[in-house]
Amino acid sequence: MTFGIYYSDYLQLDKILNAQELESEKNGNVAHDEMLFIVTHQAYELWFKQVLYELAAVINVFKDPVIEDKKMGQVIHHLSRIKSIQRVLIQQIDIIETMTPLDFMEFRDLLVPASGFQSVQFKQIEIQLGIKREHRINADKEFFHSRLSASDYQALEELEGQKSLLELTDSWLGRMPFLKFNEFRFWEAYDQAVNKMLDSDSEIIRGNPTLSEREKEFQLNGLEMSRAQFESLLDREKFEELRKAGEFRLSHEGFLAALFINLYRDEPMLYTPFRYLTLLLDIDEMFTNWRQRHAMMVQRMLGAKIGTGGSSGHNYLNATTRQNRAFLDLFKLSTFLIPREDRPVLPDELRRGLGFFFHGENH
Amino acid sequence: MTFGIYYSDYLQLDKILNAQELESEKNGNVAHDEMLFIVTHQAYELWFKQVLYELAAVINVFKDPVIEDKKMGQVIHHLSRIKSIQRVLIQQIDIIETMTPLDFMEFRDLLVPASGFQSVQFKQIEIQLGIKREHRINADKEFFHSRLSASDYQALEELEGQKSLLELTDSWLGRMPFLKFNEFRFWEAYDQAVNKMLDSDSEIIRGNPTLSEREKEFQLNGLEMSRAQFESLLDREKFEELRKAGEFRLSHEGFLAALFINLYRDEPMLYTPFRYLTLLLDIDEMFTNWRQRHAMMVQRMLGAKIGTGGSSGHNYLNATTRQNRAFLDLFKLSTFLIPREDRPVLPDELRRGLGFFFHGENH
Amino acid sequence: MTFGIYYSDYLQLDKILNAQELESEKNGNVAHDEMLFIVTHQAYELWFKQVLYELAAVINVFKDPVIEDKKMGQVIHHLSRIKSIQRVLIQQIDIIETMTPLDFMEFRDLLVPASGFQSVQFKQIEIQLGIKREHRINADKEFFHSRLSASDYQALEELEGQKSLLELTDSWLGRMPFLKFNEFRFWEAYDQAVNKMLDSDSEIIRGNPTLSEREKEFQLNGLEMSRAQFESLLDREKFEELRKAGEFRLSHEGFLAALFINLYRDEPMLYTPFRYLTLLLDIDEMFTNWRQRHAMMVQRMLGAKIGTGGSSGHNYLNATTRQNRAFLDLFKLSTFLIPREDRPVLPDELRRGLGFFFHGENH
Amino acid sequence: MTFGIYYSDYLQLDKILNAQELESEKNGNVAHDEMLFIVTHQAYELWFKQVLYELAAVINVFKDPVIEDKKMGQVIHHLSRIKSIQRVLIQQIDIIETMTPLDFMEFRDLLVPASGFQSVQFKQIEIQLGIKREHRINADKEFFHSRLSASDYQALEELEGQKSLLELTDSWLGRMPFLKFNEFRFWEAYDQAVNKMLDSDSEIIRGNPTLSEREKEFQLNGLEMSRAQFESLLDREKFEELRKAGEFRLSHEGFLAALFINLYRDEPMLYTPFRYLTLLLDIDEMFTNWRQRHAMMVQRMLGAKIGTGGSSGHNYLNATTRQNRAFLDLFKLSTFLIPREDRPVLPDELRRGLGFFFHGENH
């Protein structure tokens, strides 16, 4: 036990609460809303620090080639916390939107060319999640060179060379041991199940007296497109081609393992991996939502003007909502799910392996 | 006073709580999550009804060629309530997202071809706000013909012929009496102020020793683009051309009046109109945000599959986030604001006219 | 596949959207805000129906004397959904608060004596969670007799006789097999750990030169109170006395098992039970938060007036925030936690038993 | 225009992001969650700074004995921003609740006796709103002496001597010029209206054949209590007695003016004052809601243990939710409202005075 700790010393409030200097004040004419502008961005940066802290803990676990089961509980915990923080990041946009465009004009020009674009911590979050230079929109690719200080640039360059959570997750998925269990070859069984399902759907369409020929053709076409999608999923070479074209980022093994986990998530041993994948997807969705809100806020604030950093503002931000996404593959899994009842039945021995060993009477 | 009203009778809970019939149950195999699907959509429709109710009250006020001042307070009240409801509409997406894609598959096919696309109330909200057929994305334009029942189609067609809130607001703005006050011609003064501001900016750029020639050219270019934007704002003919091209929906008078209100919102008489315009903008933003969340939820649920109504799901919804917007003009006002200190000074007589008559000692 | 389902038929919108009859309209003078009042309450009842539906699924699992591991994933899912719904229930209060007291007065008297107090579904939720008659505040105990219709009263009476989720959870906890594992007697080890920790704290306090005698005495007193708390936890008879006094609702076995789960939650087999208990606690917290917001809203709306049902409004509701809680025991667990490093080390064999059987290379 | 501002310099991120030192790290054993604990509290303090900044701007306006109408718009703006910030303050509790009690135990003892109790900024907010020493719960009254550093104590003492927003608002309300307008004496007319309303209610009760004698007596009793409440409102001496007993904080003039504003808020000149009073009430409600969430979080984290500052935690915080409220008077206004149709009709001349002077054709 330590004695004598004082609240404001512990939190270093002398730093935190004395870090707001208004450019408009230096310029001789305080713009009331500049304080809000500074404080809001500082609150963002504080939370970004916390997100990076949780992310580092997760990456640390996944760097290990063998992940202890008990660590997965902690991973879930870290990611859930990130999600909680993201809710606040989004909510904070409501605060910044209490600033009107006219109020923003009173100090906006004084900040040129500083820009949220230069938030190193936010770039670090993106890179560590899995958004690396090659995935970025063009405006973003260039930023490394022209807009950052040398040391900030260097910090990001180093991160680019390290494995992202996406890559580490891919490796972990690729190591899943379940899918070739003794004689059972899961994906062959899956292929059969898919074809059986599609054949049955096709038959139903053909035999439906309420459909016009044109409608039938339309629906049968849809089925064939579906069949083609499944084929490129289950054929490694076709998948690799699509991957090279940027359609997927996970490896073939990784993507299939993620699909398996989603299909059989009720098995006790797969439940935590399922939760893990769902949280990655949630985090991607929430950052996208935050980007969308941010883009809208900029449209509201600037109309067709350009942003403080000279970027085209609203359009730039809108483009990032579509492209700067780390876990888009996980959204694509849904394309390849089949209904529960059509799934291949797992061999008993495998199913027992996915359960708990210690069966007390109440489990 | 009436006696004997009973809670569940008053709320007609016999109807509300007996309106959930699961298709999956009829089909012999209850899909647990279908209940959630139904209840969530019903909650949406209840709130849509309330939004329409508030919207009708607002439109009713604006139909009147002379709006009593005291009615504007009620209008603000109705619109603030809509905004409150929108927060819940957005929050409800978190609930529907507790349904996993695998769970959705258990009953999705049973609902074909029903689709949220067929929510007549939502279309009514859109039309009444100001999104009419000509503004819609193509997929939406067609829906009137092929996907709605005759009576639903008819209901929407009738609304198309009535004045939307956008149109009524435009007329109201166009009637603003302030802008040609005796000898004072506001927009001439504004034009001069804009040019003075741009000239000064230009001089600063030219004289800045830290800028390279290339950078100077780039920034001066930006200024000239700005000047061109202002010119097409203040020149009625140029504005009308842009309007025909779909760049603006408000009339020239309406747009200018809205700009004036935003510039001089601190004058007591303009404060409520400013609040009114800001609420329209908020409502547009929140519906856009809701559409974005909705689009993302569909991506998550279906991946690259097509939606229950046969629409292309995620892509369709994404397109509506960009185009189906009623008050985009109000976002564009920011392009034409100038800093407070550069604004033309209003003649004293006009300023007094924008204040209150009854000056007690504490005002 | 079924064809021809229409959105508004599927959702029975003819019922949902025609279930709003304003008493003020019947009375000849439409009060605009009565629509909001009705719609909001109907939205609440829709969500209550969904909560009951999820709760029934959970209770159904827990009625089984042996719970399959894979069902626990589903239970987590149902409870998380309830939590999502609760967020909306709370958010909806912002909507109702857009009604001003003056607007409420325009129809309030017409509703006497109907009251939210008469929401049978809400009482059903409470009872099924574990708030039975003996736990309620007095005003609530009486309601069964005087304020409900005979059939509503009957429905609640039957539920009172059935096992609540609290009771079923208690039985499930009591069946936990881990705590007397071969020769290892966990609670004896825990008792020793607690005493060691308290002795060490006591020594630190006595030896601290910066503390005055008075301060030392104060802190040592605190330690002794702590020791007494732990003693009544570990001594079955003392615990039972406190339980009879209403301090606890869980049985001694149940409470201790819940504590064990919280202490060793990182063990894979305990992680899901830990999540389950945390969700029960979250749900209790969120209903309490909802009650608090509700009480505040009533204070705002009625001041010191009495509520529509003749209840004392704010005071009544405030009392329920303190007493009508199902899982207060789970909040009390924190009192009895000791730091991770002071916990008894579990025997290897037991720890292995709490892990997974199938150890592939990546786990 | 200034050139060369860099994002991280402008935001002083070297201070903000280097102000987190973990006591657990100094102690040799990093507790992962201590970072969250620090960052969350720092985010709170940043927002408290912003709240104080907005509050200072409001107080500055109200210190002026004559408030320009145009300043009221700005006041509304500042208060709305505070409300937006409060939403985030409440949302942040969800983040801190991702810390489990067991994780908190890993560093809690190291922080003794630091406590959120020592947040000087939060006390400043309370005092400036109007919660002064005499209104606080006992535990709070004492804190000034024993728990704060000399300089922090001094800062708060000085604030205690200054006029709070509650006091300034009371003076402003007391200066309202409307209520004795020529020969019209509003409160006499109000008194008559109240009595007429109560007499009519009484008659209806007596003549209602469906009521038992006992029920009639009960309801008539209620009416008489109501009549007594109105009497103590309209009689200055009775009001002052209640005020001395702590029932009201506003002066008699202030309270009556606030009631008048709520009754006739639709008059253009009263609409902004009505919005102002409603925002004060909202802010009070949201801080109370924050306190309630905080109290619950502490109960969850500590059970029956005492808080880091030695305070009794949950119980202390719960008491502050009831007593530390600045604008409780505004909640009590509802007690004294009468339905719109029963209100005294205002003399024409007065009503014109409450409208706008400049009546263009569209108003």
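Note that the chains take the letters A, B, C and D in the order they are written out, and that residue 1 is the start of every chain.
Note that in this section a residue touches a chain if its C-beta (ideal position, glycine included) is under 8 Å from a C-beta of that chain, and two chains touch if they have at least 3 such contacts.
Values in this document were obtained by computation on a predicted structure and should not be read as measured data.
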{"item": "Pair exhibiting more inter-chain C-beta contacts, A-B or B-C", "value": "B-C"}
{"item": "Label of the chain whose CA centroid is most distant from the centroid of subunit A", "value": "D"}
{"item": "Centroid distance [mean C-alpha coordinates] between subunit C and subunit B, Å", "value": "40"}
{"item": "Distance from subunit B to subunit A - Cα centre to Cα centre, in angstrom", "value": "29"}
{"item": "Shared-contact residues (touching 2 or more other chains) in subunit B", "value": "1, 3-4, 265"}
{"item": "For the subunit B and subunit D complex, residues of the former touching the latter", "value": "1, 3-4, 65-70, 72-74, 172, 175-178, 201, 204-205, 208, 210-211, 265-269, 271-272, 274, 352-358, 360-363"}
{"item": "Subunit B to subunit A touching residues, read off their complex", "value": "100-102, 105-106, 222, 226, 229, 262-263, 265, 278, 281, 285, 288-289, 292-293, 296, 299-306, 331-340"}
{"item": "Touching residues on subunit D, where the partner in the complex is subunit A", "value": "1-8, 10-13, 15-21, 23, 27, 32, 35-36, 38-39, 41-43, 45-47, 49-50, 53, 57, 77, 80-81, 84-85, 87-88, 91-92, 94-95, 98, 109-121, 149, 152"}
